[in-house]
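First comes the structure, then the notes that go with it.
In this document, chain identifiers A, B, C, D, E and F correspond to the written order of the chains, with residue numbering beginning at 1 in each.
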């Protein structure tokens, strides 16, 4: 599998839409197009291998299932994961001749995704910084009373930031990266320590994603319990996720009613105990989020 | 004396326009310095244009929105709605000035950022993703399509609902997010979140050991993975996850460093034969 | 399989006992003898094929699992379902040569049951109307102070209504219906659209019965949740119904305690939320019940 | 002045006789006009005969029970018990007249009909039937026998308990049906009901599609039923049920019409190959 | 399998450590060393057949899972079960040639354990009675102000009681019992009524242990429900015990919160309903405990 | 006037010594007459020696502890801690005499015995044992080792925690055992206990019938065990257990007699062919 210039350019465009301070809006851009699961769909269509694309997207989505970015603090930007990582992973898996649906392919994808993940962080800050230029235009417009120009400042100019820091890097990295990744194939034998480690790590990476989510959810030791129950339902009883959700809803309703029945203890009572504690943006552990 | 007949009232179209600008543009011109300030101004433009026919009044009014703003854009929609209704009251001569508006904005953006980030990014989206992953087995696009449809519907109509609720009830609209019912809802959602996340972990992650001990007769006498499963199916997966959680929460190790520690562990594990991905040559 | 006059007469007698304003009392007559499950047992014994009788009874019971008759409003009377429908279904299944325990036999039974179901409704209203005659006797007795005669009015005379509108129709319909049903066998080929539709509908009919029950139970969207959980336990985990009941009891106890702990909100609080909202007889959606 | 020694007291035998008449005869002479009125009179006869030796007093007393009466006969048992105790009080010279008795009867029969119909007919019996169906696999008579025994025991002793409770506590006996505890009990029962009904649906109803798409090489590339099961086992069954519920609840379609709609859907489904019961020729 | 004097002596020592008024303290002695599960481990090591030891320990532990000894009322003392019963059961199973892991071996073990169980009770009361002698020394020391001697009274002298009533009986019974048990092998054929009954009883004995626990837990009929749910999870869904515990924790948390939310009803409300009702030591059903 | 500088304070080492004496020696010199009295005295010795340098004061002080004492040794640890702090207060001249101390001891030992016996012996240990049994399949020592480690850690640190809590908070330390939170905790534990016990029963006990009825053609037409399982898997096991429970709770039959009744039942069952352990010859 190779990636042509035109394919690379399309991937670059999607990178503009989804990267944080994303041109397609946060809901549609970052939270939809940006998610590796959707990225897998897009890359699968663009590169002409839907199954492999989805499989890679699924694998990486697990690692990045908890992308919380409090106060604009992004530790792994989705553009790089979804539109650089997934294409390169697809190339690597194909060139290694792995079965796209096998666990080893998924593990390889996860490792590659994480390797390029940090690239995205740099690009993200670059875009946000360049936006200061357009914002300075905006301030002038406000002062001069040219309010009509604010629309262009908010929706138009930032495309330039993205053309430079989202479109170009994505296009170039996917185009040349594909060749590089293919070349690696001969360098590292599959039964060597390096590849074995890479695949083992790939299998563990989602634990980090889940752990970040847990940090979000768990305040007391008791908060681990529903997590363990969900795990048990899926691991021991082989319930699928929709079924787990159905079961969890029953407990949710019960907990809702229990909280609501805590009538007399005043408002701070329930709040103090309840799940994810709301905190002011930017105050909590920013740089640790993936 | 204000005259009821002359009272200015924002029409549905203007409000919808303002909402759409927030929905699409809250973060497009984001910078670390001003964050969502420009997105906010862009959303208020249609409102100001409608309420103040005079250009100079518009310019005067926009000043209130030049102050720094940042919140969770999903739930934050309610704040934009609230300011629309405050601006309307101000245009009708009520004693509201830019400072009042900014106090409200500054007071709400913090808590709503906290609640929103943990509720939307940290719980709702992972739940949706978890369910969608379950529909993606065998490389099926079903999961991704489900996610796109479900999430966009929730996000669009949810934000829209919040915007108009904010416009209609003003300040009081937030009470259901931060009051007792809000706490109960968050608690309920967190239960669903935890259980689904547990399910995601069990369904999609599978850390196993390949360690087997052989007796003198060459027969396996300890298959560690089987033993661990008989204690609790998926034990190793849970242990690695809790270990990561512990590193990050109790030892304040960053995610990146946690990953590097996993690399080291994997490396050693592969060396001693504890881990073996079992690749074909 | 044929039905003799004597067998038809016995079925007619059971129809008198169980039809609404039933001669064996509501608990024993309508709620016990009348239920298709019990009807299947009775018909199985009377017609000499217990297994087939039970199988047909089970199939129809599902469709009519929720026979609520608020204010005497009966939309499908059990006498026709249990003591006309089941016998005819048994004949039809035998003549088609279907395996009594197979799903197709059950689906055929459900369709036949529903077809004769409405007959019962007519008969029910006929009995209730004829009872006005005996009641007019009763009023005279009360006026004349002949209280001793009231017992006959309540327990004796109504047998005549039933002899005419329960016994006779059941006897005649089962006797001649059996021949008709057997004749149908040649008219409709099993792989034709008609039979395929009939069997498909049969498979879906219980959904209506369950839906009626759901209407009873569900007031808020959240009330669907325990229903879905029960479904999941049986569908995904293959728990049998006794086990589902056991699990549900635990949730019931919890809900009971939660409701009881809602101490301070006054009595109307819990009531407003609680399960099946009690309504005055006859005010709710009468004609829709099956 | 009333004299304690002369106080009339209903003996157990009379009460039991009255109860039995209600148990067996509440609905035997039912008509749309008078509904359970005659059943009620028949139940009160033994009571009146016992309390009023004089025939003319009996005739006078029965008048109170000629008023229209209808309720859920199972729970309604408690009302008969209450009137027995009121009648006894009246016979002992307490200031109770026919109107008081009828007010009580009229006030209680409505709510108790509502609670009883939904609780007994709509929840308890379906639960029992659901469990019994589970014991009927392979045409076994066990389920039917279990239902008969379990239900008759519950019905008989339940009604009996209510009757005597009504007699003993009079008006207050109903509080546990309609008060806070009653609400909690109903809530609890409704949970059991919902879950068992869900279980019944999953265990006994199985709507499946036979749709399979074949690739050019003649191999199946989409087995729709399998796909649906991987999303949620039994999905189609649930969907059809919810569709019926929606028709009846939200569109106010009657049960009969809902069934006819299912016939149409089945017909079309069979035509396009979505449904196929797979009969042998 | 035979038991040597030295092995018998080691078993005797452990009997001293674990028997009630145990020399290793209640936590370590009675609650740890004394439990048949641990006894199985010890006996397995001492007699050189770990697997068989554990298997016997597991079997007996089930019967004696609920060893509550309110007010010093011991109805089956662990020293006899663990250090006389298990060794003899091991010998019996070996001599009968049963597979140590088969259910029949376990059932035999349970029956033997129960047979010797009552022996322990006698020994327990003997030790406690003999301790009165050392206590009388203690009183004298207190009166004379020789406080330093109290330590010896509490920790030293009681060894003598145990030497006589724990060490000796255990050593002798295991040494000679082993021979006796082996001799029995020829006396009772495996397919005779006696052995069949013995094995059947063995299979049922744990029900008594569980029933004693239930008596502890169940105050209202509703308290049976979680028990049944736990049973269902394991019996129908084949969850293992760790998983059952995980699920139960979720319900425990819910119940905890429900109890805590019962704010207004005063302290006696929740207490009245809550699980095992605390009672003063010695007042409840003493002699019935196993 | 007491002088703060001269105040006597028990050091950590003395307290730990006292605690250890309780941990190891609460029951070593047990008799039916004095029960834990000597264990208690032995634990208080280091405290008294530390607080009262004069031998005669020590002798005077020990008198308070010659009174009968017995409680659950695990939770009772808190009482020893409390007396340590009371003794310290007394040594510092507070108005506390031996009678006060003994009233406290006598008042607490009863309830704490009841709570402790049911919570520790009756619930916690069975849970731990139940889990450990699950790890012992195939004769594995894992379960026993797990039990030893888990229990000793819980027992040692739990008792230690209680001892020092008692010392620190005095009388109030007990409130969390007997107050509202204590009730909630007990309720929660009892849920875990019940479910685990149910799981233990299902996992480890399996009462089955061997009854099969054969038709004239020699084929089995009733396999009773299968039928019972289709009603509720493990039905017989549950029935026998409930029967034992009923005997002991409702009929007040002792455990020994219950066992003998089981022997009789087994004997008859074996005779009529209902039970057959299926032994090889």
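The rule we apply is simple: contacts are C-beta pairs under 8 Å (C-beta built on N, C-alpha and C of every residue); 3 or more make two chains touch, one makes a residue touch a chain.
Here the structure is a predicted model, which means the values were calculated and not measured.
Colleague: Please give the intersection of the contact partners of chain B with those of chain D.
Modeller: A, F
Colleague: Work out which of B-E, E-F or C-F repeats the contact pattern of A-B, with more than half of the residue-numbered contact pairs in common.
Modeller: E-F
Colleague: For the interfaces B-E and A-B, which has the higher count of C-beta pairs in contact?
Modeller: A-B
Colleague: Report, in whole Å, the distance between the mean C-alpha point of chain B and the mean C-alpha point of chain F.
Modeller: Averaging C-alpha atoms per chain gives centres 47 Å apart.
Colleague: Compute the distance, rounded to whole Å, between the mean C-alpha positions of chain C and chain D.
Modeller: 12
Colleague: Report the inter-chain centroid distance for chain D and chain E in whole angstrom, where each centroid is the mean of the CA atoms.
Modeller: 51
Colleague: Counting only residues that touch at least two other chains, what does the list for chain A look like?
Modeller: 225-226, 228-229, 231-232, 236-237, 239-240, 242-243, 246-247, 249, 251, 253-255, 257-258, 260-261, 263-264
Colleague: In chain F, which residues are in touch with two or more of the other chains?
Modeller: Each of 134, 140, 230-231, 233 in chain F touches at least two other chains.
Colleague: So which chains actually touch one another? I want all the pairs, not just one.
Modeller: Chain pairs that touch: A-B, A-C, A-D, A-E, B-D, B-E, B-F, C-D, C-E, C-F, D-F, E-F.
Colleague: Tell me, which parts of chain A touch chain E in their complex?
Modeller: 222, 225-226, 228-229, 231-232, 236-237, 251, 254-255, 258, 261-265
Colleague: Which residues of chain F touch chain B in their complex?
Modeller: 134-135, 137, 140, 142
Colleague: Considering only the defined contacts, which chain C positions touch chain E in the complex?
Modeller: Spelled out, the residues of chain C in touch with chain E are 237, 239-240, 243, 246-247, 249-250, 253-254, 257-258, 260-261, 263-264.
Colleague: Which bits of chain A are touching chain D when the two form their complex?
Modeller: Going by the criterion above, the answer is residues 240, 242-243, 246.
Colleague: For chain B, which residues are in contact with chain E within the complex?
Modeller: My answer: residues 230-233.
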